[in-house]
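Next come two complexes built around chain A: one with chain B, the other with chain C.
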Partner chain A sequence: MIDIDKITKRYGDTTVVDDVSLTIPRGGVVGIVGPNGAGKSTLLSMVSRLIKANSGTVRVDGLDVTAAPGRELARRLSVMRQENYVAARLTVRDLVAFGRFPHNRGRPTREDTERVATAIAFVGLDGMADRFLDQLSGGQRQRAFVAMTLAQDADYALFDEPLNNLDIHHAVSMMRLFRRMGDQPGKTVVIVLHDLNIAATYADRIIVMQDGRVVGDGAPSEVINRRLLAEVFRVEGDIVEVDGRRLVSVAP
Partner chain B sequence: MNAFSRPLLLSAIVVATAVLVVASLVTGGGYGWSDVLTMEGDGALVLAASRVPRTLALLLSGAGLAVSGILMQMIARNRFVEPSTAGTVEAASLGILLTLLLMPGAPVIARMLVAALVALAGSGLFLMLLGRLPLGSALMVPLVGIMLGGIFEAVTSFLAYRFDLLQSLGAFGSGDFSIVLRGRYEFLWIIAGLVAAAYATAARFTILGMGEAVAIGVGLNYRRLIIFGLIIVSVVTAAVVVTVGAVPFVGLIVPNVVSLLLGDDLRRSLPVVAAGGALLVLASDIAGRLVIAPYEIPVGTIMGVVGSLGFLMLIFGRRSHAA
Partner chain C sequence: MPPDRAHAVRRVTLVVALLAALSALAFMTVGVRGSWSFVLAHRGVRLAALVTVAYAIALSTVLFQTLTGNRILTPAVMGFDALFLLLQTALVVVLGGAGAGALDPRLLFSVECLIMVGLSGLLFRLLFRGEGRNLPLVVLAGLLFGALFRSLASFLQRVMDPNDFLVLQGRTFASFNVVDPALIGVAAFLALTATAVLLPRLSELDVLVLGREKATGLGIDTARLSAIVFALVAVLVSASTALVGPTTFFGLLVANLAYLMVPSARHADVLPVAVGLAVITLVGGQMLLERLLGFGTALSIVIDFVGGVVFLLILFRAGRR
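Presenting the complex of A and B:
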């Protein structure tokens, strides 16, 4: 379980994340949505110990993320950030193999090699495993980083806007991949998204953030309604039901 | 794609280095190959007291400087950084001057330690500056380093001028291996240990080059690893500057060429970087002994010329990769 307790992040006078408390139990796919500047990425960065909170705590399976050993946490929690610029010239296989670092400390076993190959195949980059990252398109590089996260095999996988740079075909296959990850026993996927319909289609639970606070939390059918569109996303639109899923159709 | 096979490249470098080692042993003012090989008269003495130490010093310094370069590039996440473009060399020189001023009778090892400490502080300051400056271009990073080095150099020159030490300053300004003699280079062997330490932690430094988020994400202690890397770089730089003086650009040229051929997984490339650095410095020193024989051009000067040309080629050739 990820247990976020009264966490706050301020930059100067601006409060980006304001006293947020959340629990994310094991299992399933959780989508965090909200308008730009709602504090979604900041929240994710604090959970993944990339930035420090001004107050409040985050525990992952009882481990305080600011105090627990990095290696312990890395086996429980993986994170893929929005910008994944890597200056080093590494091949896809090199990159994905480093996802195994928390398990092997840089000395790969046969099992690691197999897991790496599986992860690369999972994101559809098998033909490009020996290419350098700077020879890939933005979308391919994005998928290589997802494969690295897969190889890390953490119980909780966090993704910050993983669909950036992806066309709809790859966005959908990526979301299906996350769905499959979240359906494995004991695995939890938390994704920051900006597309409500993608969230509604693939997530079990949607957390809505606005101005640094959580303003909605529940199953897609409970959360997505006209009031949410008007008050949080400031668009007029209708909710349409397709195959039992509530989707958003914005007014032209 | 790995167009180059690593074993092939590594063995080519090792063979070339072996040939140059022999050349280095039999090349130099006054005593040519016949004197040295027959071991007649002073030949044996020259070999044991001068040529062997000099050759070993060249190999150790070259390997250490090239490895320092690649470590700095991973730490700063910039292709154009190495000890001479990050203020490290100039800070080490300042450290040596301080030891001349404050503890004139100190043994060389004490000088080196003080130089290493000042170099560590200087490189740390460089990284802090990088963290605070809005850097629009990858080229800004070495420019900041060169300017910072310029400031250290100015302080060093000022102190040397005020305390009448300008002549001693000249001695470690430009790397010169002709001063290497038996009994005066041995602690360069510390470099062998530091290169081995870098190789043992090569996977970590590769991850460091992928940025703070990735490093923390896979469970590394980012800050501690940076400090560990800077300690290796500072001690290598200080050891070389104390013994022979500054040898610029080795850490820039060799890692960049190896990176183009093999990529940046240091577990694979670090041995090639170390061997390549040894080869480059050895070759430059032999060239310096031959160009105006029986006189010598210091290797620091040769590397200054070769290196700045190489630096320019890298800037024009790699700008697209380096953003």
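Presenting the complex of A and C:
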């Protein structure tokens, strides 16, 4: 369980994340949505200990993320952020192999090699395992980084806007992949998303953020309604039901 | 790593090691006249100094580039060796020529080394503070800092007591041609100590190539690792600068050649080749200039010319991306 307790982040006078408390139990896919600047990415960064909170604590399976040993945490929690630039010339296989580092400290076993190959196949890059990252398209590189997260095999996988750079075909196959990850026993996927419809289609639970606070939390059918569109996203639109899913149709 | 790539890495390492050994052999034996024992002893000291310098510069440059996540900046480009020069000058001013002259040069060097670790740590934090750092700005700031330190050092040298200046000159006159033999032992010891601290952390450094955030996500205490590696860089820069003085583009040249030649991003693969290339350039280059060209020109000028061209090429390539 990820236990976020009264966490706050300020930059100067601006409060980006304001006294947020959340619990994310094991299992399933959780989508975090909200307008630009709502504090979604900042929240994710604090959970994954990339930035420090001004106050409040985050515990992952009872471990305080600011105090627990990095290696211990890296086996429970993985994170993929938006910027994915690497200065060194690495092949896809090199990159994905780094995902095994928390487990093998840089000394790969036969099992590690197999897991790396499986992860690469999982994201559909099998034919390109020995290509260098700078020879890949933006979307392929994105998938390579997802494969690294897969190889890390943490119980909680956090993704910050993983669908950037992806066309609809790859966005959908990526979300299906996250769905499969979240359906494995004991695995939890937390994704920051822009697209409400994608969230509604693939997430078990949607957390809505606005101005640094959580303003909605529940199953997609509970959260997505006209009031959410009007008050949080400030657009006029309708909610349409397709195959029992609530989708957003924005007025032209 | 696939076997053919591992094979390629081994081949490159072997060729570079062989050439480095040949350079050293040629440096010791080409053009010997008169007493062999005298010449060998004399050249042996210089060879030891050049190899130590090559080792320190190659290592510090690659480590620094891993820490900063780019391949344009080096400790020398960022003005760290100029900082050491300023430190040497300031210390003579403070202690007085007689005071500094009376001290064991090794003790003085150790003190300078310690202060250097502290000061360069401050400078590093100043330049690389914050998340959104701007590479051209950092390059510019580094060049400016370098110029500032050099000017401050030469200003101090101008206003200091002429007797103190003589003492200082004796200590900072070092170049590839004239090394200070008293310091070779200490410098080599420091370089070896740095290696011993480094070896168990090589695989963590490999992960650091992915950037601070990804390394943190993979369970590395990046703040601690950076602090350790940065202290090592400062010590290595002190060692090389004390022996031969500032070397603006040398590190950049050998590090980038090594990245080009080694088809792997692992430090365990890149570092030995970078060191080998540094030895070939320094020892082989010095031998060629001294024996074949008769001291016609200084090696540092040749290296800075070639290195400067490489620097510009990389800068232009980075700008186009």
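Quick note on the criterion: the second predicted complex is superposed on the first by the 252 of 252 C-alpha atoms of A that agree within 3 Å, B and C clash if a C-alpha of one lies under 4 Å from a C-alpha of the other, contacts with A are read in each partner's own complex, and residues count from 1 in each chain.
We take it that a residue touches a chain if its C-beta (ideal position, glycine included) is under 8 Å from a C-beta of that chain, and two chains touch if they have at least 3 such contacts.
Since we're looking at a predicted model, the values are computed, not measured.
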Quiz item: Just from the overlay, do chain B and chain C fit on chain A, or is there a clash?
Solution: clash
Quiz item: Of the partners chain B and chain C, which touch A:122 in the superposed model: first, second, both, neither?
Solution: neither
Quiz item: Is A:101 touching the first partner chain B, the second partner chain C, both, or neither of them?
Solution: both
Exercise. Name the contact category of A:88: first (chain B only), second (chain C only), both, or neither.
Key: both
Quiz item: Where does A:49 make contact in the superposed view: on chain B (first), on chain C (second), on both, or on neither?
Solution: both
Quiz item: Can A:74 be said to touch chain B (first), chain C (second), both, or neither?
Solution: both
Quiz item: Looking at the overlay, what does A:152 touch: chain B (first), chain C (second), both, or neither?
Solution: both
Quiz item: Can you pull the chain A residues that chain B and chain C both touch?
Solution: 48-50, 69-75, 78-81, 85-90, 94-95, 98-99, 101-102, 105-107, 130, 152
Quiz item: Can you name the residues of chain B that touch chain A in the complex?
Solution: 1-2, 74, 77-79, 202-204, 206-207, 209-214, 216-221, 259-260, 263-265, 267, 321-323
Quiz prompt | Partner chain C, residues of chain A touching it in the complex | solution = 48-50, 69-75, 78-81, 83, 85-90, 93-95, 98-99, 101-102, 105-107, 130, 152
Quiz item: chain B touches which residues of chain A in the complex?
Solution: 48-50, 69-75, 78-81, 85-91, 94-95, 98-99, 101-102, 105-107, 130-132, 134-135, 152
Quiz prompt | chain A-facing residues of chain C, complex | solution = 1-2, 69-71, 202-204, 206-207, 209-211, 213-214, 216-221, 259, 265
